[in-house]
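Per-chain numbering from 1; labels A, B, C, D, E and F assigned in written order.
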Amino acid sequence: MKPTPTPPPDPLDLLAFGAHPDDIEFGCGGVVALETQAGRSAHFIVCSRGEAASHGTPEQRAEEAARGATLLGASLEFLELDGDGRLEARPAHALRLAAALRHWRPRLVLAPTPAEDQHPDHAALGKLVRDAARLARYGGVADLKDRPPHAVAHVLFYAVTPSAEPAGVPPLLVDVSPPKVLEAWLAAMKAHASQLQTRNYPALQLSRANVFGARCGTTAAQALFPNDPLVLDSLAGLGRAARHF
Amino acid sequence: MKPTPTPPPDPLDLLAFGAHPDDIEFGCGGVVALETQAGRSAHFIVCSRGEAASHGTPEQRAEEAARGATLLGASLEFLELDGDGRLEARPAHALRLAAALRHWRPRLVLAPTPAEDQHPDHAALGKLVRDAARLARYGGVADLKDRPPHAVAHVLFYAVTPSAEPAGVPPLLVDVSPPKVLEAWLAAMKAHASQLQTRNYPALQLSRANVFGARCGTTAAQALFPNDPLVLDSLAGLGRAARHF
Amino acid sequence: MKPTPTPPPDPLDLLAFGAHPDDIEFGCGGVVALETQAGRSAHFIVCSRGEAASHGTPEQRAEEAARGATLLGASLEFLELDGDGRLEARPAHALRLAAALRHWRPRLVLAPTPAEDQHPDHAALGKLVRDAARLARYGGVADLKDRPPHAVAHVLFYAVTPSAEPAGVPPLLVDVSPPKVLEAWLAAMKAHASQLQTRNYPALQLSRANVFGARCGTTAAQALFPNDPLVLDSLAGLGRAARHF
Amino acid sequence: MKPTPTPPPDPLDLLAFGAHPDDIEFGCGGVVALETQAGRSAHFIVCSRGEAASHGTPEQRAEEAARGATLLGASLEFLELDGDGRLEARPAHALRLAAALRHWRPRLVLAPTPAEDQHPDHAALGKLVRDAARLARYGGVADLKDRPPHAVAHVLFYAVTPSAEPAGVPPLLVDVSPPKVLEAWLAAMKAHASQLQTRNYPALQLSRANVFGARCGTTAAQALFPNDPLVLDSLAGLGRAARHF
Amino acid sequence: MKPTPTPPPDPLDLLAFGAHPDDIEFGCGGVVALETQAGRSAHFIVCSRGEAASHGTPEQRAEEAARGATLLGASLEFLELDGDGRLEARPAHALRLAAALRHWRPRLVLAPTPAEDQHPDHAALGKLVRDAARLARYGGVADLKDRPPHAVAHVLFYAVTPSAEPAGVPPLLVDVSPPKVLEAWLAAMKAHASQLQTRNYPALQLSRANVFGARCGTTAAQALFPNDPLVLDSLAGLGRAARHF
Amino acid sequence: MKPTPTPPPDPLDLLAFGAHPDDIEFGCGGVVALETQAGRSAHFIVCSRGEAASHGTPEQRAEEAARGATLLGASLEFLELDGDGRLEARPAHALRLAAALRHWRPRLVLAPTPAEDQHPDHAALGKLVRDAARLARYGGVADLKDRPPHAVAHVLFYAVTPSAEPAGVPPLLVDVSPPKVLEAWLAAMKAHASQLQTRNYPALQLSRANVFGARCGTTAAQALFPNDPLVLDSLAGLGRAARHF
């Protein structure tokens, strides 16, 4: 499998997966903007052209995704799996995503949560990325032998909608309140114009971010859910706790 | 209430609470050693002299606690609440602990988890410290008016025994494998000689640390459970994930 | 105990409990406005004057509470229990609240959730109201003998802040989007001027309502958490499901 | 895919899915009888002929299912997926069920819970129906384009056996105690004579209903588990709470 | 504290605690009958005379309890704590119950579950017994010094009503189907005649037992919930699993 | 399907499934040694040759597995499903495993937990075995008709690593401290030499066993998680509870 012909010159900071062209922008666009504006590299892998949605053609949506990624400072590729509304969490797909992980060698990976109460493609992709991150580390996997194993530092799940937030799991709250970050995030969400005809999703995501922000004493935050426990070499880097609201 | 007569010159890095003289050493002694050996200040508040235990007099146990604290680089005080085996999670106690928080002004607080499946004093103390950290922030609390409000950065729970680890909550794993850290921790546990007559608790805690360590690719780690979500200003400081075991 | 000297002429539709003068307005003020504007009667019982808060005197806060209740179409009384920051979930208090339930004979009761991750007074009041609703039904309780037993139709919990929403429990989402409802709710929140000096809580609560509203296809909703399963005599009255977001 | 050749003249009130010929009767037959006796329309889609069961031929079981449906006032069709004991929760199946939802346009949908602790076909069907209800709403799904999108008001899960009741989720309790309802339900269960040779399942289901009924002050109730939060436009329609047992 | 003046000649097999005179009979009477009919000894400690109930005087209820215990082959004592409807989970009470455990030295202890969704006295007693079982083992507890420490083999919780069954915790199912066991259990429940005026509780409990029995292939079973994990010296004694329903 | 040509003369005591050649040894080898040293029969079915691992050829690993099984007193077979890193929980596989269950007719079955936080093959195998145990009991399953139905007494899950222990589910703790048991277990783990080049897994598993042992007053224990509730005919066989740590 060859997601891109030439390997990138350097390991990537952030690799974000989306099931549909707008998932990354809506679910964690503020976090991506925060990182790329700080000089870190980001790449998006989107697993359909949103061809099952009520609005927008696949071509329009691919263009919107390209614009969204650019506004967030990320590069973009499409990876065809089963198609919109048909994504299945099969080992063969996990191996394809593991190959992409070995190709891009990212430090951090973002993916939709595997929570069941959301679009089934999101849950399937969350499970696939979780499994892919494991398989990317095992040295003997035949399908992956052309690239050396790679261990990502963290798989971090994002929730495209509130119902996708995993119950009972404490979030990591990322402060996305710097004005230029918010501005880029908003622009990237608005790039998906075909999806905004019936509802103002950017405003809803800002309200969500406002509520998460209230929990940490800032005006806007997005929540991430780590797949694995965090390891600390000291308590010095712990930062602060959410608790103001 | 006057836990100590004179306020400390500087805010404290770490304030650890224990219900009995050996709780801190067994439950998070490695973490304390890691921090104090890195130059951070630590103080222990112990809420009984362990007078209900099967072995050791209150005097012996107080001496053991003093030795344990010294070996971990911490100062120590006893705070009388209801006595060993009788600790109750009452608002009056929470206010006393809140007063201590305002006095010591720690950045981080360590306390036993409030999980029910353990010694009832541990659970009660966990609840009290959690509530105290809230009350310490409220400006108008009459009983606390002689000291300005204080917001700790994090309340971090430790589990004295495996059954006290809260189910379904991902731990923070703190790498305590540096040899001098392990050495100080082991010595501090052994300082509680009166409690080691029937069972080798230090060896058991090292086995626990060995298993937690295996999850993060090191030889020894201790688990902490934050009371509140973590807030990040960037993903750069995220460190690595547990996943090797 | 005599919360009010004379019994009300008719059973009440809605009895809301708050631990502090602004809890009801912030946690379920939209729901109260919706009900009273539809002609249903409401009464508030507030269990402290907020004397531990960082801002506002008890007198100011009592006045703000009176204004808030009026704006929401409700009457108000204060019931002294342990005081702000000291509320304890003791059977004696549950019996006092049960007496109030027998006095007012409400169909529905609103109270803060008993979730632990919030102001300890809120959790304590939630537990007390839950227990009071049971005790109010038992015929032989000596302390309650001067009034006949009363069974409320539902105890519905409200969450003053997001962290108080019980994990894993599906909410009831109440549509509070009618303009006059939103207007009254906003005015009632703003009545608590002493508490708005450091943060725009009304705007935060509207953002929360906006996000809950997005889940049910409306512009604003508030979440309630029933203490007991709902009983249906038919599926005809089930209404619609949340699912648009 | 054509589950039936001609579209029904009117939208359906209730569409119930079963993995085997007797699932609907045993799991929610009382609820169906309650609804149809009140004049609402119901249709059953059964996804196997129970050919893997220990007793009864597929032909017998299809006849029993027809009789059961008639006794409950419902029409019936069989939809071949993977066969008894082989049902897989694949997107292709979800799309077929979504097509059926668009064809029948039901207000309410009943399906087995997706809980894992039961016959694997039941769990698979629960997941398929949950996903199908989402896909039925998306305008662009290629496989569904011959029928307009349809949003069901609620997906309600039923538990064929106690072990299938989802832990920690409060049920909706539906009072099925009217004598004619109970009578029809009992007759419909007894229609599955081939399955009653080794155990009196109708009596067991009545015992279950008796216990659920005890929780709501009636002689018989069945539990349903909504897939999505309920939305209320007022608290007036809330009815009563379960609490008598 | 002296629950009884003279120590019993032999350690007890089974010590059951109830908050009200009928709790043990309704919640685990079948289990008690099973054990005593097999020659094991049982004693009941009841912590109120049910004086807050809607029906029955304390004297009547004490007599009914005596008859119930006799029919189940157990002796009985009343232990006054806070009174019906007022029981509080205070350390002082836990110490009194721990003293009773040291006095009777039972192998097994039965108590109501500490689940919150039930009569508050039941939850409080469950917590008290759980804590008492720990305190009974600690050698140095001053209030308990006149009796040697005692470690019970198991604290097993029973659920007086379905809502008291702890969610997500697998039960131990005890087969109580032998006819003489069922007969004794039914008679003991009927001994509480004052409580059966408005509802046929014995029939409801038999329906519950019938449903639990269906899960293990028998006609009647009662569920117990162990406080601590079970320890096995071999898999030979594991018996069978529930799974028939 | 023919896992072995000739049926075994007697029903088996213990059938253990592993996804990779070393899963059984690491996850429950002590339990197997305990049973076989007590004279009970055991057979292993391993579903890949570990061909995706970083170290060891399939041939080496098959030999290591054979040695491990012999040291634990068990026979061994390989069952090819999807291959290492590709195992999918498909009904067709569940039917193959059900056929193996009907062939071997074991009293007890051991399999990896279906928990998601581990190697995806482990979770898939856990789900497959759980479903297979149900299908093996149904009389009419066409694919299984050449062998009579079989009901295993218990499916017991083992956790290869700590992250695979299901959260919130109390374990069964099996005392594996007898010296000859520990010795056989350690030897069987060491037989997988190819997997021990980068990490001392046998020592880690002994540390885990040491910690579990501490909970039951012994030097080593392994945890099992039953798929179904336990059924008891009496409380006499309950043994002791974990609680010493």
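Note that in this section a residue touches a chain if its C-beta (ideal position, glycine included) is under 8 Å from a C-beta of that chain, and two chains touch if they have at least 3 such contacts.
Predicted model, so just to flag it, every value in this text is computed and none were measured.
Chains touching chain C and chain F alike, please list them.
A, B, D, E
On the document's contact criterion, could you list the chains that touch chain B and likewise touch chain E?
Touches both chain B and chain E: C, F.
What's the chain with its C-alpha centre farthest out from chain C?
F
Compare the CA centroid of chain E with every other chain's and tell me the farthest one.
A
Same or different for chain B and chain F, when you check if over half of the residue numbers at their contact belong to both copies?
The interface of chain B with chain F is built from mostly shared positions.
Sharing more than half its contact pairs with B-C, counted by residue number, which one of B-E, E-F or B-F qualifies?
Most of the B-C contacts reappear at B-E.
I'd like the Å distance between the centres of chain D and chain E, where a centre is the mean of that chain's Cα atoms.
The answer is 38 Å.
Could you grab the centroid distance between chain A and chain B? Build each centroid from C-alpha atoms only and quote it in angstrom.
It comes to 36 Å between the two C-alpha centres.
For chain C, give me the residues that contact two or more of the other chains.
134, 168, 215, 227-228, 242-243
Once you've mapped the touching chain pairs, tell me: line, ring, star, complete or other?
Graph shape here is other: it fits none of the named patterns.
Which two-chain combinations qualify as touching?
Contacting pairs: A-B, A-C, A-D, A-F, B-C, B-E, B-F, C-D, C-E, D-E, D-F, E-F.
Going by the contact rule at the top, pick out the chain B residues touching chain C in the complex.
90-92, 94-95, 114, 127, 130-131, 134-135, 138-142, 149, 227-228
Please name which positions on chain D make contact with chain E in the complex.
161-163, 167-168, 199, 203-204, 207-208, 210-211, 214-215, 242-245
Using the touch definition up top, name the residues of chain C that touch chain B in the complex.
So the residues of chain C touching chain B come out as 50-56, 82, 84-88, 116-117, 119-120.
Under the definition above, what is the set of chain C residues touching chain D in their complex?
Contact set of chain C toward chain D: 14, 31, 34-35, 38, 40, 108, 134, 151, 153-156, 168-175, 215-216, 221, 226-243.
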